[in-house]
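What follows is chain A paired twice: with chain B in the first complex and chain C in the second.
After this line comes the complex of A and B, so read on.
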């Protein structure tokens, strides 16, 4: 009797082990898949659902279905229009300047100071800092009365500006902080592109007596274009969802002059608890980003 | 055969590892399971309650966990927990304008039955009436859903020497006095000294600075039928006064929050402001302030009506999804007892009890000399309009005020646009 129960237990243990062994690959994958489902897939699906609902904070499960009402509200919401405009304004100016400076620096460093690794490292520091720290440092520097920038302005006889506090200068302040932080990224990408360029075509061009401009236009630029496209795409997508600097520097003000889409979504969702409308704006933002990136990739002919 | 054994052993090790990690996570979770979990803000209010909770832990030999988050994040966390009914927090320390949102969405446990079990109808009468009124929903009439912990109300902070030099001795009685004196000080200051400093960052800050002035001129954001009420002569007059105060404030007030206002005052670069009492400690601390002993505290000046501060209490409520409601209630009663409120005052948080406000042991000390004025300010204070959509209303109103302060809109345009925006929010 005792022997048979021992045998039973042993066979159960064996069966369990066989089962575990057979399914080990699934078992080992399970935690990752569960986390992914919980943190990415579920919220995304939920966003699509709640975008068509009037979210009821007292009982989310009983939220009313309202069809496309949340999306219709986008048409008449001035604050949303303002946020959209500010986001485009920021993205256009910040990325253009970052790009001009980053490419310029890369060409300069590549040509003339290729071996000065120290300079390359120093140029990369801003990118390594957490965006929130960058924003806090700039906030302190921008302070109208006690900040270092206005102090320098006063010392050299310039009229001090209100920077992040002024309606006309707030967006400029956010752009400057972003350019300071992200130019190194463009620089690094362009530098990598330049470093991986073949030397033969350039030697041939030299033999043919091509000018620097001709070499840039006909050789450097075409070789660099795929890298430039990817860099632009990454920067534009990142700039389009700007949040941290606005949150720290201006809180979207003054008079909504720096209220970007991300910040507006945050306010609608977590200050006003209007989750359905916030989801609708998020979906709109996703569609714009997708359309734009597809267009850019096609245009730059690197989609395939 | 040996190779197969090796693979098997390796797999057994994997299985063992997975099981081990799972057990470890389970045990850690069990070890962390607290008897009470409190959500509190970053800053003196949250620090004070955290210190009290640590005392309570020792006293009762239980485990109290504190979740501390910055102001806006605390609201998000508590609101999310409320909507999802997770019961993550047993007690939330709330800013008073959040209360209608939390209470009307059913996130808070009504306290009536707990008081009844204690043999009373509600909190004792040593609490200030205005403090208790905030804890009932609807305001002052409904059932209790929380207890007051930190007793804030705005006061007028000013430098009596500078005001006296310009002909106003004693407390400035009216906003006209303030505008006149502040204008002269700013003019003489040559860009380094200002008569007034305004807190005008978009959103909550600019609204908090505007409301007492609005009330001083008889303005009311909502009429009796809860309809927006901004197109009145009173509102226009208050707006004009507000913009005049902006003229005599330092440049850049458009982005000033409490920190900037406090810095200007502490550095002696501004002669007056509306401020919250927790700044008193900073101004009286020689390490942080150049104006120790020089700042006087007074009620809000009058306009056409008596001046009234904005009340801004911190309130403790039990979440309706809590699994430790009785324990949470016991803690709240303990933490708001006269002894503990006094302890809280000593930790830098203004009290909510008459006996603590008038405790000679406190009022004889320099850092508590503003207590009689603060108690008065609370007694004559006005709450922000009680509306479950207040955060959104405040945002819309704040956006228009911000435009007016930044010179993007005239006072009339700002009021008209704010009226329209608030109407849209209320009717949605």
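After this line comes the complex of A and C, so read on.
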């Protein structure tokens, strides 16, 4: 009796082990797929539902269906158009400056920094800090009365500025902080690309008497392009969703001069409690992001 | 070396000049990178009066711990820090467990044409702007009465981190030769046994780097915590810091002290993961 139950237990365990082994490839994926379904797919589907409602936060079941009204508002809402414009403005200028500086700097110091890991680590500090801390550091330096930037401006004979609190300079201030935070990222990515570049083609090009520009155009750039594309994709997507720095530096102001899409959605949803309309803007933002990233990923073909 | 010489002749600069130029640029870059952080540190030791002096005080002759005591003893910043740490550690454990298994599966098994779709789907969930998922998550958490809990943050951050963990671990596993599992199986190990006894120990550096990235991502997150939490029992450090800034008043002393404290663990981590950084930042796409 005892031996047979032991044998039963043993054979159940064995059968379980065989079953686990046979389905291992699915079992290993299951937790990830379940978590992601619950946390991204379900919310997205739910958001599509909410976007067609006049959502009532206190009693979701009583929400009215209003068809495409929320989406129609997108066409006539000037604040939404402003947020869209500000987001593109920020993304374009911040990412362009970061690439110009990061790539240029990588080309300049490439051969001289390969073994200087300490310096590389120092350079990566800004991008790893909490964005909130980046924002307070710059808010402190931008302060018009007691800030260090205006002090330096005065010492070198420049006119002090209002920085984050001035309508004309607020966006510039947010961009400068972002450039400080993310240029090292572009720099390090380009550096990694340059470090993995073979030397033979360059030696051959030297023998053929190629100019620096020719070497850059025909050898360096084609080799760097995949890495630059990935970096560009990550930077654009990150810049497009800017929120934290705006929240601390400007609160979207003055007069909505720095109100990005993320910040506007936050305001509509959690200040005005217009959740249905916020969902409609979110869907717009999601579609733009997905269209852009699929396009860029297809072009780069990094998926394997 | 020969290549360098010709190249510098082309650009009209001698090699030693080129080296000087690079050195000057590097010194400038390091100074520019560090100055803002050091300025925050400097400010955190100033008295309330010195903080608002104009012109600002560069060398502080009168340092004080007042701001740190104010933030961590008088105000609940120690609690915020503890909340941040708990959330970051739980998130890392959860997402690393699930993500490592999936990363291994995607690196080793053949799912036919579905494989590419699964990988891309996992990556695409990461492309979603956080603000987009936050509205439905907020409604979901309020439905399950999870608003203002650390549990809600752990659950949501695990979802945010998973795609990253999967892609990172996938790239580390892909570098481990397949023969190792095969020989373990010849020795009588099951697939799962081979994964735990042979492969995971080899992937340990990758696991360590990935977990540090997860810790940093959760430690730094702001937007979701801003919406989900609203009392001291779940507020994280970034929320505590931002909460001292209003349209009318900025508590510079507390903010500088707690802000610098929030940066310290990150700087330490940065030195630990330096070698893995490029790969981490590109989701495993660039080996660096």
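Going forward, the second predicted complex is superposed on the first by the 253 of 304 C-alpha atoms of A that agree within 3 Å, B and C clash if a C-alpha of one lies under 4 Å from a C-alpha of the other, contacts with A are read in each partner's own complex, and residues count from 1 in each chain.
In this text, contacts are C-beta pairs under 8 Å (C-beta built on N, C-alpha and C of every residue); 3 or more make two chains touch, one makes a residue touch a chain.
Please read all numbers here as calculations on a predicted model, not as lab measurements.
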item: Partner chain in contact with A:273 - chain B first, chain C second, else both or neither; value: first
item: Touched partner set for A:20, first chain B, second chain C, both or neither; value: both
item: Touched partner set for A:29, first chain B, second chain C, both or neither; value: second
item: Partner chain(s) touched by A:165 [first = chain B, second = chain C, both, neither]; value: first
item: Chain B versus chain C as contact partner of A:188, first or second or both or neither; value: second
item: Chain B versus chain C as contact partner of A:206, first or second or both or neither; value: second
item: Which of chain B and chain C A:244 touches, first, second, both or neither; value: second
item: Residue contacts with chain A in the superposition, chain B compared against chain C; value: C
item: Touched partner set for A:145, first chain B, second chain C, both or neither; value: both
item: Touched partner set for A:286, first chain B, second chain C, both or neither; value: second
item: Chain A residues contacted in one complex by chain B, in the other by chain C; value: 17, 20-21, 24, 28, 57, 60, 145-146, 251, 270
item: Complex interface listing, chain A residues touching chain C; value: 17, 20-21, 24-25, 28-29, 31-33, 35-36, 38-44, 46-47, 50, 57, 60, 105, 108-109, 111-113, 116-117, 119-133, 136-141, 145-148, 151, 154, 180, 184-185, 188-189, 192-193, 195-196, 199, 202-203, 206, 211-212, 215, 227, 230-231, 234, 237, 240-241, 243-244, 247-248, 251, 261-262, 265-266, 269-270, 275, 278-279, 282-283, 285-286, 289-290, 293, 297, 302-304
item: Touching residues (chain side chain A, partner chain B) in the complex; value: 17, 20-21, 24, 27-28, 57-60, 79, 143-146, 160, 162-167, 170, 250-257, 267, 270-274
item: Contact footprint of chain A on chain C as seen in their complex; value: 2-4, 6-7, 10-11, 19, 21-23, 25-26, 29-30, 32-34, 36-37, 39-40, 43, 51-56, 97-99, 101-102, 104-106, 109, 111, 116, 118-125, 127-133, 135-140, 155-156, 158-159, 162-163, 166, 190-192, 216, 219-220, 222-223, 226-227, 237-238, 241-242, 245, 247, 250, 252, 255-256, 259-260, 262-263, 266-267, 269-271, 274-275, 277-278, 281-283, 285-288
item: Of all residues in chain B, those that touch chain A in their complex; value: 8, 11-12, 14-15, 18, 72, 75-76, 79, 82-84, 101, 104-106, 200-203, 250-256, 260, 263-264, 269, 389, 391-392, 395, 399, 402-403, 405-409
